[in-house]
Amino acid sequence: MLIGKVVGTVVASQKDEKMEGMKFLVLKVVDAEGREGSSYVVAVDAMGAGLGELVLYATGSSARQTTITDKRPCDAVIMAIIDQWEVGGVVKYRKVTGEYQS
Amino acid sequence: MLIGKVVGTVVASQKDEKMEGMKFLVLKVVDAEGREGSSYVVAVDAMGAGLGELVLYATGSSARQTTITDKRPCDAVIMAIIDQWEVGGVVKYRKVTGEYQS
Amino acid sequence: MLIGKVVGTVVASQKDEKMEGMKFLVLKVVDAEGREGSSYVVAVDAMGAGLGELVLYATGSSARQTTITDKRPCDAVIMAIIDQWEVGGVVKYRKVTGEYQS
Amino acid sequence: MLIGKVVGTVVASQKDEKMEGMKFLVLKVVDAEGREGSSYVVAVDAMGAGLGELVLYATGSSARQTTITDKRPCDAVIMAIIDQWEVGGVVKYRKVTGEYQS
Amino acid sequence: MLIGKVVGTVVASQKDEKMEGMKFLVLKVVDAEGREGSSYVVAVDAMGAGLGELVLYATGSSARQTTITDKRPCDAVIMAIIDQWEVGGVVKYRKVTGEYQS
């Protein structure tokens, strides 16, 4: 999994019938230092994530292993909302504050 | 999923029998700012997408989960046509105008 | 799928028993402008492609969906030979001439 | 597989029900010279790995082949803890010392 | 598939039970000109490859299609040992000499 920050939405009324009701969120991929890079992914939201939250997303066939994405043409899914993220004993991010710490 | 812009077509009369009738579209991969980058993908069109439209495409085994691509040697499929795309509350693209907005 | 140009062959007499009889071709990956880049892939040929031809190849589990690659340790397969490739209404390549056009 | 160094943890109380009880570790991807690069991955720990240890991790559908990750939305798993790593007859890393050697 | 050169080994006594008895080899990824790049992969050896040999390896779910890797958490497998490799009618590598030729 990688860490993404929810930054936006994609609306698509014409979509494969198996994707009806799916919510597409735009995630900026976050690097190991907590910086948003230039790469992004559009993921199905299986968790009810909100704008600005840090999430874990899974890609490939693993993105079809949640109940809502099972057997659907979906290659990226948000499968966890991050509470806290620590590297080397130092808290990099804590959800309650919504800010990175170093 | 990633966002692609439909820019062209590939015609291939000699193809695996399971690919008969599939339409191959050339997509330029669009970055998080709405810019077309240098990378591309050739995707099967499951949606009837038109030249110039922005679409979502799925890759890998997920590209075989639409009805028309089931069990076929296809690793990229257009599974949605984008109506609107928003980042940070700002509309980046709206289909009705066909133009990026910032 | 991506576009590759057939540039060479790999011979391997010692191979997994499921790969017996498979023909390995070396493909240079072609970019969206029709240029051969530095990256390559070794693909199983399911189409009888010839040296110098442009082909479509599929990767990952999708590379096992042709009849000859089914259930084999193969992660790239040529599943179509390209006749013509157009971007923005302009023909980039036509098989009969074997040359790029712009 | 690639080699990763365990550098941190991710805590996520809101996660897909199939991910209950999974432990998420942050791995820095280690290059062929034993250097930590800038890329990382968040992997499920199937081995009880500790901070600072070098591990092997598998990605994609292969990450779902351990007993604890079976059929779960997990695309990276630690499936081995490295004791020793040799290149060209030279020991690059030995767990007992926890240090790289060249 | 890509071409790798066998350059080393990884020893891991603590590993997922499904990986018992698997031999892990370190491969340097070889580019289209026969140069070893900086990237590597750790692959299960299904062929009895030796140090210094050039091999083909398959990744992803295809790496689980050999008899010894079936249903195991393995995302890279050596499935062929290269005898000869030709590009544009020129032999790039021949196993008997163990040297690149141009």
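The chains carry the letters A, B, C, D and E, assigned in the order they are written, with residues numbered from 1 in each.
Here, contacts are C-beta pairs under 8 Å (C-beta built on N, C-alpha and C of every residue); 3 or more make two chains touch, one makes a residue touch a chain.
The structure presented is a predicted model; accordingly, all values stated were derived computationally and were not measured.
Taking each chain's centre as the average of its CA atoms, chain A and chain E sit 34 Å apart. Chain centres here are Cα means. That of chain D falls 21 Å from that of chain E. Those residues of chain C in touch with two or more other chains are numbered 60-61, 63-64. Judged by the touch criterion defined above, the protein chains form a single closed ring in which each chain touches exactly two others. Neighbouring chains touch in a ring; in the direction leading from chain D to chain E, they appear as D, E, C, B, A.
Interface residues of chain A, counted against chain D in their complex, comprise 1-3, 31-32, 46-47, 56, 58-67, 69, 77, 79-89, 92.
Chain C contributes residues 7-19, 24, 26, 28, 38-43, 51, 60-61, 63-64, 71-76 to its touches with chain E in the complex.
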